[in-house]
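The same chain A turns up in both complexes below, where it pairs with chain B and then with chain C.
And now, the complex of A and B:
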């Protein structure tokens, strides 16, 4: 048996780690838990002792502003997500399949939006659309402007998987009678779809959450971030808490669903390597 | 040339990559039921040639005719050629059955035909019971069989094989060599087999085309390539040879007399050579015989004979290599069965070979 001091040293360290980990989790999740809890409270300024109500949710669903904002945000998110993923996939395939001495320069062109502030993308696309093209801001220009950033992120994500893709697989498919498009659907996409899907999710979330780019291109048309930002001027409303809670619930449900699908083997998120 | 109609003919095929001539003016005809190997070291252009036949590369010049049709400008998916790849290239997300019927599906074959052909292929390649597996659940040999089944299922006019056995272990390779040749003979589809392994080429082929720097050094039946190499390169690439560097002393009546480090040898003459020219004489290990000193010798005139010492015996199983130190200070290797000799390392021996054996070419620096 070791001495009392040594045992207590090991124990002490274990406890210290556990406490540190617990504090980290509290730091990360307490605000989210608080928001969810507060969204059900009557008094959101000091929601103790608990007295629960669904009033905040009723307000959200009764006020058409929030509904419009949600729909606009979804439109921008999905539109920009699809556009970014399509452009990025085509760009990566083109750059990897057809060697060019300008390859490095082209890579930089696709990635450069990552280094430009969102605010700048918003202002410059507004200025360009209004002054040069004479277009007023609308949801399509917001989708396009958000896709500028989305393409750069999607490009990185898809590139990271496609660099490992064996293009001879396409040669094989073509020798066996598959035309190029068929070849993409039958062989390339089923192999790389996790990264394509990932790229869509990221560019969707970026555009869905974006305030600056969308705001400059939309003006008075509401999106969730712009409504939340606008209402901040009148203090923290209970409706914001409800929206935050619902967004969290949605994300949680999606991940829970993916987890169940994966565990039961209905869907396989990942590459079946040889 | 194989009998019957010609399945593939290449005329003046050339392909450059930058400054490198990968394929340089190749002419080739392959018969209906022929097994042809393209044998060459890496970088000889054999894989490029195969990819040109498949349509995966466009030639700079020349025509490709498959089954009587000029397909030079046709994309690969219109050529009806089967192919087996070095790293199998099975589609990882498809099952064995889905992989095998892929070519049929691309040709819009009916469901009944797919089922019937799949049964045929599973039977031929002994893959029954593995239909539902994924490629990553198969052994290397099984993956290669699936790859072969996929290549053969749609009755291609031609099957191209690109080093298909390179990733298999030695034992499996030997087994597959025999099987692949059997499939070719049974199905009567021409096979074009690319390899850098001379044993594979010798085991399986009807004809062998030895390739170097984008041209054929020799194209001939396998035994002829082995026994009568057309160039020094073929002689050194196919089989295991001793290389003897010497000078021509005289050249007459199809025979050369050369001086090899102070020893006089009579060797066959393969090209016109003048006295004093530097030559490289190559003789296969198994053509060199050794006998213990003092044994009765054969007809003096028809043999080259040298005195030497047996330095070591390298046992290789079926055969052994005898390392011989000739009395002019050079080393030769003879190979043969251990059973036939009673010599030991350190013994003085007589080394001999028929004057008609081996080949001799001008030695290019």
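And now, the complex of A and C:
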């Protein structure tokens, strides 16, 4: 009887936590559902009662501003994502593989961008570029400044998986004559790729949609967030809602695909159970 | 190519011209952080002792900027307001994120990664759009209050342009960071320890307080920092959700670099913000006991 009671207690707590997760998803996605809904409505300030139109979508493809903004955001996202992932992967491997008495200090160095607010990163790189280097706003400084945060997040994500990594696998590969690079490609990367991919994804998203860092580094170059920021004064354009809706459609198609792959067990994304 | 061979097992010979591999791996990152984070922050510290005249910074060492921050009560009010808001947000996120992260780590099974990615996906929609949508849901003409009006109830005043609405916005924006940080800690946590605790007679609450919580404190502390720091500096959210009584330190700071163009004063504000952030991080750092962190230091 007691065993039965304990089991149902566990079950009860499990369901309670599941409900908490469900409510969080609803909270997180309600505004996104609103954005998607509003992108189809004629008047986004008073979108009720519904009167639907595709006008916003037509405008997106006709107005070059949105295209430029999207391309710039993609450039910053991909550039910063690749840069962050490369730096962080190398750093995590360097720190975990080789013992160093400065290890703790170096961990702190790589995590330190997490302790600096985006606003400060943006403003300090603006001040540094403009006053010390004499550079005006350009996309490369925006990529670099966004990657500061990306490096820290990537470092955290890759570190949290690599601490469990068994380096003896690498040693074994090297005993059989594999060079370090080959060993990385054929032994390490296949095991840790979900976290490397996750790190890229997170640093991509952060940079793609970053307002505060990009805004101060770019000057007049438009990105999606800066266009949104600029248009706030006159009320948000429904075109921005339409772009967000299309982005979400793409993301959720990918997620659905991932779900199918996980369900059928074709790709496990790093999960080691059955 | 020779530098790569140093790791080969037969490379016991002292290598004179070879860069140690760990330096090759860590070095670029260190240089990157110095150039893109440390030097700009140092520049801001220097500028905070300079002056701005007609939108131009020029070198004239003085403490005037800090004196202004100290003398004008408005800046103190902004700072305290931002700090209290950040504290409230961190607390709410902490309490709510734990069960959620625990569920994903313990019961998520093969879908764990997908469940976490679902927390990250809202970031694909820009902050401004999500804030505008939140405004559309919470605001005077918004979904909630309109629904209440239709049923004949009074609208909830607390949700319209108040600090409460701003805090709700912050919880909305930063909760995913908290959940992810705790989750990343919990996936590395050995849940078998809970069985041991149970066998030794600990109830679920005691097992949590004495085993799960302390062993995942580093992840939790990182989560708290990830929520607190951006909240403290937040400028966009209070501006759109907070109404007239929510001017934050971050809003005032970004104004110095925008509309008013007083970069020197803005630099001093940045230094204050940075010092407060560092104090919080150090405070959290002191609570971390590496021996009870569950981190065994890499190689195992």
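Going forward, the second predicted complex is superposed on the first by the 229 of 274 C-alpha atoms of A that agree within 3 Å, B and C clash if a C-alpha of one lies under 4 Å from a C-alpha of the other, contacts with A are read in each partner's own complex, and residues count from 1 in each chain.
What we mean here is this: contacts are C-beta pairs under 8 Å (C-beta built on N, C-alpha and C of every residue); 3 or more make two chains touch, one makes a residue touch a chain.
As the structure is a prediction and not an experimental result, all values here were calculated from the model.
Residue contacts after overlaying the shared chain place A:167 against chain C, while chain B stays out of touching range.
Look at A:175: by the touch rule set out above, it reaches both chain B and chain C. When both complexes are overlaid on chain A, the residue A:220 reaches neither chain B nor chain C. In the superposed model, A:191 lies in contact with chain B only, and not with chain C.
Between chain B and chain C, it is C that contacts the larger number of residues in chain A.
Of the two partner chains, neither chain B nor chain C is touched by A:105.
In the superposition on chain A, the residues of chain A contacting both chain B and chain C are 166, 171, 174-175, 179, 271, 273.
Listing the residues of chain C that touch chain A in their complex gives 4-5, 7-9, 20-26, 28-30, 32-33, 35-37, 39-41, 43-44, 47, 57, 96, 99-100, 102-104, 107, 109-115, 117-130, 132-134, 136-137, 141, 143, 146, 172, 175-176, 179, 181, 184-185, 187-188, 204, 222, 225-226, 229-230, 232-233, 235-236, 240, 250, 253-254, 257, 263, 266-267, 270, 273-274, 277-278, 281, 295-300. Across the interface of their complex, chain B is touched by residues 166, 168-169, 171-179, 182, 186-187, 190-191, 271-274 of chain A.
Residues 54-56, 75-77, 79-83, 85, 87-93, 102-103, 106-107, 134-136, 143, 150, 154 of chain B are the ones that touch chain A when the two sit in their complex.
Chain A meets chain C in the complex at residues 9, 13-14, 16-18, 20-21, 24-25, 27-32, 34-35, 38, 45-48, 87-88, 90-91, 93-100, 103, 106, 109-121, 123-129, 131-132, 144-145, 147-148, 151, 156-157, 160, 163-164, 166-167, 171, 174-175, 179-181, 194, 198, 201-202, 205-206, 208-209, 211-212, 216, 224-225, 228-229, 232, 236, 240-241, 244, 247-248, 251-252, 255, 258-259, 262, 265, 268-271, 273.
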